[in-house]
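Note that the chains take the letters A, B, C and D in the order they are written out, and that residue 1 is the start of every chain.
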């Protein structure tokens, strides 16, 4: 039912919080620009997660509240703090990490995700262009790819579709989709609903999803 | 006249001295293992030549007389001192320098050099093997390749030949050959005698050279 | 090979030719040679190709669009997917007055590295099955498909470091390295803007980020801070 | 991802399997993990493939030939062109009891880097027109010929650094880096021998040579100096 008023889903912050819960303690994680940068604010120091920024930092600790140092920013240009044991490196070494499979998980924003896990997140046909940044390398290199995005567009059109009609970031790369309405796994059999947002029904999620969604598996409400 | 007793040519030290004279002040130079390592002892600090060692040093200053530090060696495993302004890097960065054309000159040893400047310097068929080290990368990457070697083998056979019968290091890579008897340029027309060692005649050099040697250009005796 | 010290960024960039390809180091605000970019603007040189991570993200590279000095840009960030104030570059691009080659960041740095390291190209999975594959050779090896990416070099590289010594060794601070060391290896003329020039030996040998052999010109400048507000 | 600290090199290498491919860092005496090599000798594990810059140049890797633990060696220096005392490896090699793949040094490091960086290969001129070309694909691109070199990885990497922090960050001293940082990126299990273990933050962030994410096991050992007398 595209066009109908959307159900009250999660805020951007709660999507980020739910995405943070998807990360393994002790893992190395890259956060894309936009909503994903909020994820760094929702992990505990005891989780010992090391955030990698593709501009050359391993071990930054969320957005800095102190003075802006132009040489100490994340990939979104925001000032960051460091954890003890952080390191710096150049872009070649940074993408060797990313492309070489040394990043356990990446959280990226999305424009569309297809039934087979193709991601489109860099090019908006209506704007006649886009910016790819490190998204294509992260999509092929991260061992687990989490897409955090609104379930539907501002106009109410599904972002989860059978086949993407946007230029792709990479084919068959997405593992998990976290939206304001649901947590959906991309499996070799297709999309499988795992969790629903509080107060959102399975029928509402299916109605706002443009691809076949298996709802027969174990289902729970997100705990936030 | 292979087999005849060799004329009294330059010592290894004097070959190294003559090779050192071939280097441009202010240039970056890599020295191969063996005789070429002696070259570092024959440049003046005022020449501001920076020696690169493929194991990861730019700016070493000849063989060290002080204590042996296992982490501060040249590519031949010898202890070295550093100049002010030296730097360290890993092997990937070192061969990026070498292969990328950032080394002005390399001085390598040779087993054979052919008329078109092919170099063979890593594999001795009689020994059934060899060690290539960085020689192939230096041969294709250094902007000027100087080969410093004995003019003939211990058995008196020419090392400068029409076509090499040893496994090659690289094709068409040698610019200058410096031996105990002569300095020979490799030009696009073939080999050209440039200098003779003191007391060595042009006829003796031609006689001990297994390839056509142009002796018609301007000729001088080496000044040492 | 000893680097030459220049008194002003304008002198340092004065020989950049019309139509040159310029590699520009930096990532948004970090390690960005803003003084050299502004000097290039003042030089008025045109028909330039700029290779940079980003244009129009608060960076001063966008200033080169004011007088249409750029004919072509090779970048990873150039047109924002979301709304907000358009950069000068975006306006020119949509008016068809500047060309854009968008390249994935990991591919851009490998192409530059190949250009500097004497490699003929590298094989990557990045971009397979996307628009980035168009016009490129795909190799199938042992049942896996790879995109062949070719080397990229510049006539000039404009880079930014924290300190230089008089030989040309550069030291970076914090996340100021990013594209700078690789770009310094991949251009015929390398010009570095630094905050301080010291004597050889003052930068410890194991803290040199770009060895002296890569650097042709150095100029000391007060850094110009830039910031991207998203 | 936090590195595990082991009490002895023997414990650190105890899970290396028969038939494993082992990357061994170091260049002759510099940055060579001699304690780990000797522990591997004591483990008695056989049918190993060793990938290293050198074998038999005063290095202890040659000790693995005493009990024929190596089935295959991939190296740049292995058989000396000149005379002198034969290494154990040379004797085994000439007896046909160990295989050797000799690789140019710049090609070896690029193959390892490709293995660690997720690249399918690189194109180099090194080795064109030589024995190194045998059995390899040659690409002609824009009139230039290039040799395609494929990635190389290990099951295990044995590396040596000066200091480690408890997260696994490594700091090298002098020319001790050489093959170590790239090998640390190109193996499933990375074991580092270090002279000292410190707390996270004690190695300054801009002096980390191998970031913590690459290192699985660290063990503090008194370094064993080796020296090649030519």
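Keep this in mind: a contact is a pair of C-beta atoms (placed from the backbone, for glycine too) under 8 Å apart; a residue touches a chain by one contact, two chains touch by 3 or more.
No experiment lies behind these values; they were computed from the predicted model shown.
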item: Pair joined by more contacting C-beta pairs (B-D or A-D); value: B-D
item: Of all other chains, the one whose Cα centre sits farthest from subunit D; value: A
item: Computed distance of Cα centres, subunit D from subunit B, in Å; value: 28
item: Distance between the centres, which are taken as Cα means, of subunit B and subunit A, whole angstrom; value: 56
item: Length of the line joining the C-alpha centres of subunit B and subunit C, rounded to whole Å; value: 37
item: Shared interface positions of subunit C, touching two or more other chains; value: 110, 113, 118-119, 124-125, 172-174, 205-206
item: Contacts with 2+ other chains: residues of subunit A; value: 88-89, 95, 98-99, 140-141
item: Chain contact graph, described as a line, ring, star, complete graph or other shape; value: other
item: All pairs of touching chains, each written as two labels joined by a dash; value: A-C, A-D, B-C, B-D, C-D
item: Contacting residues of subunit C [partner subunit B, same complex]; value: 1-2, 113, 116-119, 165-167, 169, 185, 199-201, 203, 205-206, 208, 211-214
item: Subunit D to subunit B touching residues, read off their complex; value: 27-32, 53-54, 57-58, 76-82, 90, 93-94, 100, 102-107, 109-110, 113, 124-132, 162, 172-182, 209, 223, 225-228, 230
item: Touch list for subunit D against partner subunit C, complex; value: 110, 114, 118-125, 139, 141, 144, 146, 150, 172-174, 205-207
item: Residues of subunit A touching subunit D in the complex; value: 26-28, 48, 50, 52, 58-59, 82-89, 95-104, 140-141
item: Complex contacts: residues of subunit A adjacent to subunit C; value: 34, 53-57, 68-73, 75-77, 88-92, 95, 98-99, 111, 121-124, 127-137, 140-141, 167-171
